[in-house]
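Given below, in the form of structure tokens, are the structures.
What follows is chain A paired twice: with chain B in the first complex and chain C in the second.
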Partner chain A sequence: MINLLFFGRLGDFAKDVPSTIEASTPAEIRELLAVEFPDLGKALHQPQVLVSVNKMIVDWDQPLFDGSEVAFLPPVTGG
Partner chain B sequence: MSTELNHEQFMRYSRHLLMDDIGELGQQKLSEARVLIVGLGGLGCPVALYLAAAGVGQLTLCDPDRVELSNLQRQILYRESDCDEYKVVCAERELRALNPHIRVNSYADEISDVLMDGYDIVVDCTDNLAARQLMNARCVADKIGFVSASALGWEGQLIAFDFAAHANLCLNCIVDKDSPEPMQNCSNSGVVGPVLGAMGSLQATTVMRMLLGFFQQHGEMQRYDGKAGRWLALAASARRDCAVCGEVA
Partner chain C sequence: MTVRIRIQQQDFDLAEEYQLLRQTDSVVGAVVTFAGLVRDFEVSAEGHDSLANSIDSLSLQHYPGMTESLLEKIVEQANERWNLIATTVIHRVGDLAPREQIVLVGVASQHRADAFEAAQFLMDYLKTQATFWKSVSRNGEQRWIESKASDQHAARRWERAADE
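Let's turn to the complex of A and B:
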């Protein structure tokens, strides 16, 4: 199982999302979640959303392994 | 600023001088430093105030905007009577009043390559990716420090690079320069003032750490969720095909 973390305002879209999921890449997680949680899916498809696996920023096609923690981070651009 | 501290400066910086890992030698390093602050908004205000107070010897400010009433909720260098004045003019006046021993220069202009000559560290306090990428590329080329932060709503982000010590892993490795800008920004989605203060303070601390030789987290990203009250530190890796710092660049 893959452990999920939605950082910042992405957490507002993910209140009903289970804390774990079965998937092989972050991109697959995004597609699976978009089916059941379309608002979250839309938020995850914004430009500059980052994904990390075990606290390392990775590409969306990074292979996942059992027990991985996947965190999704919304873009933060203001100053 | 002279190379030796006078009596007034001993008193002014006494809380630094009491610290073994800053002391007189560290204060001299700060006084010899040249730092460019790009963006004098919610991040740039605390960055400039803390670095001026700390005795960073040369601060250069760059921002084309004028003070607006809607800035005053978070941009702590300005007062209501400053509205319609250039931010850099108001900021320079306040910083000189705070610490007349440092040099403060300013440009009421957009950041551009010609304004980036001769600095030890560039501090990105802007609100758009194009400016960030311009600064990132120049800092990579010049092998100097780059301290970038941003904020939106309750959230903040900081990422810093010491290109004097590391040739690879830059902002473009993490966020591609051709990425579109996100739809949400402070103007249309809002931002909490103290979150900007927290991130700006962290930028100023990071600048001091770099100048004093303590900085070790090249390319590490710090994320702050002010609503949940939690921090997250994330590592990143260099892209071999990065157009800015990669093997083909």
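Let's turn to the complex of A and C:
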């Protein structure tokens, strides 16, 4: 099981998304989610969106393992 | 280097943080502090601000665990570039009203140039790399803030400076 987190405006698109999923890469999660949640899929495909695994920014083809925490991060706006 | 990084809901006391920085070491010769406040208006992505963009409140979300480690990395980078004695970064999260304090960056060094430059670097990197997201409320309607090209631009100047 992969745990999913959505931050910022991505959270608004992900209200009905389950908190866990089975997938082998973040890119695969994005494809799976886009089928059922097309608006979220579109938002995740924007080039500025970054993905992290276990709180480290990674490439979209990073291999995932059981229990990984995958977070989708829109451009940050703190400070 | 003494490092203090805090992410918290409650307010901070600038004077108290200044004293902590000042008293770190007897060789401290310069302390620079920066405090960021909640504006009561929102600057649009095009850089316009007007009463039409006034806000009622601001809310800050972050990614617990990741934000702290990113801030630690940003502080480490500053410490590699400048001679720093102490660094404080405090960022508030949760709901904030206009004019409240959001962020504090404080740097103590022997000489002022290190403290001035490191403080700017820390703010520029914090704004473009640390996992915080702002939303604003106006007339009961919540909206996420878009990232600004000017912030990206400000952060990039340090990359150029490092290449030279």
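Basically, the second predicted complex is superposed on the first by the 75 of 79 C-alpha atoms of A that agree within 3 Å, B and C clash if a C-alpha of one lies under 4 Å from a C-alpha of the other, contacts with A are read in each partner's own complex, and residues count from 1 in each chain.
As a convention for this text, contacts are C-beta pairs under 8 Å (C-beta built on N, C-alpha and C of every residue); 3 or more make two chains touch, one makes a residue touch a chain.
Quick caveat: nothing in here was measured; it's all calculated off a predicted structure.
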After superposition on the shared chain, which partner residues are touched by A:Gln46: those of chain B (first), chain C (second), both, or neither? first
I'd like to know which partner A:Thr77 touches here: chain B for first, chain C for second, both or neither. both
For chain A, which residues lie in the overlap of the chain B contacts and the chain C contacts? 7-9, 11, 48, 52, 55, 71, 73-79
Note: in the complex, chain A contacts chain B through residues 7-9, 11, 46-48, 50, 52, 55-57, 71, 73-79
Spell out the residues on chain A that touch chain C in their complex, using ranges where they run on. 5, 7-9, 11-12, 48, 52, 55, 71, 73-79
In the complex with chain A, residue positions of chain C that touch it: 36, 60-63, 65-66, 69, 91, 102-103, 123, 126-135, 144-147, 151
Note which residues of chain B are touching chain A in the complex, please. 39, 41-44, 124-129, 149-157, 174-175, 179-187, 189, 191, 196, 221, 223, 225, 227-228, 232-237
